Amino acid sequence: MDNNERYEKGSYVMNELFSEEVQTGMRNIQKISPDFWDMIVSSGFGDLYARNTLTMEQREYITLTTLITQGAFDQLGVHIQAALNIGLTQEEIIEIIIHCTGYVGFPKAIQAMGIAGEIFKNYELNNTKV
Amino acid sequence: MDNNERYEKGSYVMNELFSEEVQTGMRNIQKISPDFWDMIVSSGFGDLYARNTLTMEQREYITLTTLITQGAFDQLGVHIQAALNIGLTQEEIIEIIIHCTGYVGFPKAIQAMGIAGEIFKNYELNNTKV
Amino acid sequence: MDNNERYEKGSYVMNELFSEEVQTGMRNIQKISPDFWDMIVSSGFGDLYARNTLTMEQREYITLTTLITQGAFDQLGVHIQAALNIGLTQEEIIEIIIHCTGYVGFPKAIQAMGIAGEIFKNYELNNTKV
Amino acid sequence: MDNNERYEKGSYVMNELFSEEVQTGMRNIQKISPDFWDMIVSSGFGDLYARNTLTMEQREYITLTTLITQGAFDQLGVHIQAALNIGLTQEEIIEIIIHCTGYVGFPKAIQAMGIAGEIFKNYELNNTKV
Amino acid sequence: MDNNERYEKGSYVMNELFSEEVQTGMRNIQKISPDFWDMIVSSGFGDLYARNTLTMEQREYITLTTLITQGAFDQLGVHIQAALNIGLTQEEIIEIIIHCTGYVGFPKAIQAMGIAGEIFKNYELNNTKV
Amino acid sequence: MDNNERYEKGSYVMNELFSEEVQTGMRNIQKISPDFWDMIVSSGFGDLYARNTLTMEQREYITLTTLITQGAFDQLGVHIQAALNIGLTQEEIIEIIIHCTGYVGFPKAIQAMGIAGEIFKNYELNNTKV
């Protein structure tokens, strides 16, 4: 597999996970550092998400959990949307946060739940409009 | 649901996840603080793992990920065993660690993989003996 | 103790710690997940804050310290208010932050001190108005 | 206050908190970097612990909590001993760990409780011998 | 070295690193706690940055890295400016973030890169105006 | 650049940084997961350390700092050796740890200094023997 393949695989994954609007926002990074952008697409998405053994749903379980645990709440919003896009239900996402409570404590879980609530509201609005 | 029910549910979950030997080790905590032990069983396992919406397998995906992310490597060993006990394969566990790399960096992922290797070796030995 | 008792104890503690306004904000969580709300009240406040051995003041020492250490700055504001409500002085809160500096480094301590300054200002305004 | 005073104040505090044996272990650092040792004594203990407003007991509440939260388990053992030396009871230390559970999750709390159990055992042995 | 010298050394360092505007913002802390301000200047800058062995540039390498790793993104903006002020190039700062990716994961690196992009934009504007 | 090139670049970097003995220890990971090993070599070392803009010495400044900050003390030992291998002095490494103190607090800095002391001792022994 050469680097073009890695980049293409990564782009494919990103199209599955993220809306046009979210991807446009992400591309802000490309202007600051094209090399870093390539790394995000090829390593972050191409080398990891495009692998076998786990489904995309299972990968979002892992991603949501690690973001909650490390308090990466900016990226959490984006990945809650991604999780909904690939078919996780609101109930599953809420349950992931609840399960995390025992492992990370209430402060991070409460902040995650607040963000999930915001994303759910906007997500329903967007899907009702269409 | 009263507190006896919460404790019983928690004990049931712990029997599913952990071997006799592991549970005996855990009970060391009970001697130091019986109240804390009750909290582990009733809140940690009874209130969280015994809930619906997610399977036990999905819960271990979350647990392994949060332990890797926070660097809780002592508990990681115990939960890799638990994951194997309820049916996750070695390949799945390895893949969870690989996926985490992009989110937590190499140092934690490498340490987790080393621990997984140790657990896999002992686990096979024990299962071959029987 | 059954679950109603745990919830009642938790509610009692929350009334001691938080103003009406703060509690209304918190109840946003209840709409997203009633189960998680029950857990916050019963486990977070009922099972922990309502225990003996430590006073409410001592518990806020612990809470403020853990929030500063983990960088949970959203919740820190709420708990600085709570600490003032139950009788900690501004000097004590400042001193907690200063002591933490040696353990968590300047960046987190500086951010905590800035938040404390904001809360102190508003708190005095509110108490002067009345 | 000049730097000799800061160092003396720090030494005084360290004598209150730590046994001869613990201090000898700490002085290993002095051989690696005398400057860093001065910083520990003068800044860490002289500038922080020797301040007013909080008692030594209150300062150990803060110290134990931040160590548990950041997973600094090596230093936790030393400071549980220090807490016992200046008069905190085993019940108080256990209660600090229990209160932390809701804020840091079970893995760190369980590890802290295990360490506390070890320190308590040795501490009683030493005090019985004398 | 007495405490006036430590404070003066720290002030000298702060003038090298931070613009008037940034320092005025920082002095907000001085109003909340004059003691804490002294500690920032004397310990944080006087005792650390004013030491020998490492250059100011090397110290900013360390500072930027620790801020990215601990997710202290508020202070990161201020220190990216500081790094530019003492002569680090935009390319070097971008490269520090890229190197960190392998050690802290993509979420923190992406957030750091976004902040760097903002600072670079404003920094160029300010320098073009003059 | 195809994947063979990335792997070769990574191997080249690893030979610069790590002794035979250390690399043999690392290869334990290869037996557990050959894919993860490829990722360490190609992404971790090939994509990051082999880039331009920063020297190897500057990269070790970053690596040591992020490991101290995240408390990855197992990997810290290996990278202190690597730093010595590529020409950092003991004084520089000690100074990196001292600078970090203000950003991460004493507990992590003390633990890092203890590890540095051990590595320095063994490193001198090995180099005297030869």
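For clarity, chains are labelled A, B, C, D, E and F in written order, and residue numbers in each chain start from 1.
Rule of thumb we're sticking to: a residue touches a chain if its C-beta (ideal position, glycine included) is under 8 Å from a C-beta of that chain, and two chains touch if they have at least 3 such contacts.
All figures in this text were calculated on a predicted structure; none of them were measured in a lab.
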Intersection of the contact lists for subunit A and subunit F: B, C, D, E
Farthest-lying chain, centroid of Cα atoms versus that of subunit C: F
Intercentroid distance (Cα basis), subunit D paired with subunit A, Å: 41
Cα-centroid distance, subunit D relative to subunit F, in whole angstrom: 31
Whole-Å gap between the CA centroids of subunit E and subunit F: 25
Where subunit F touches two or more other chains, by residue: 35, 39, 43-44, 47, 51, 66-67, 70-71, 98, 101-107
Subunit C residues within the subunit B interface of the complex: 1-3, 35, 39, 43, 47, 51
List of subunit F residues in touch with subunit C within their complex: 101-107
Residues of subunit E defined as touching subunit A within the complex: 71, 94, 97-98, 101, 105-111, 113-114, 116-117, 120
Residues of subunit B that touch subunit A when the two form their complex: 43-44, 47-49, 51, 53-54, 58-59, 61-63, 65-70, 91-92, 95-96, 98-104
Subunit E - residues contacting subunit C, complex: 28-29, 31-33, 35-36, 39-40, 44, 66-67, 70-72, 74-75
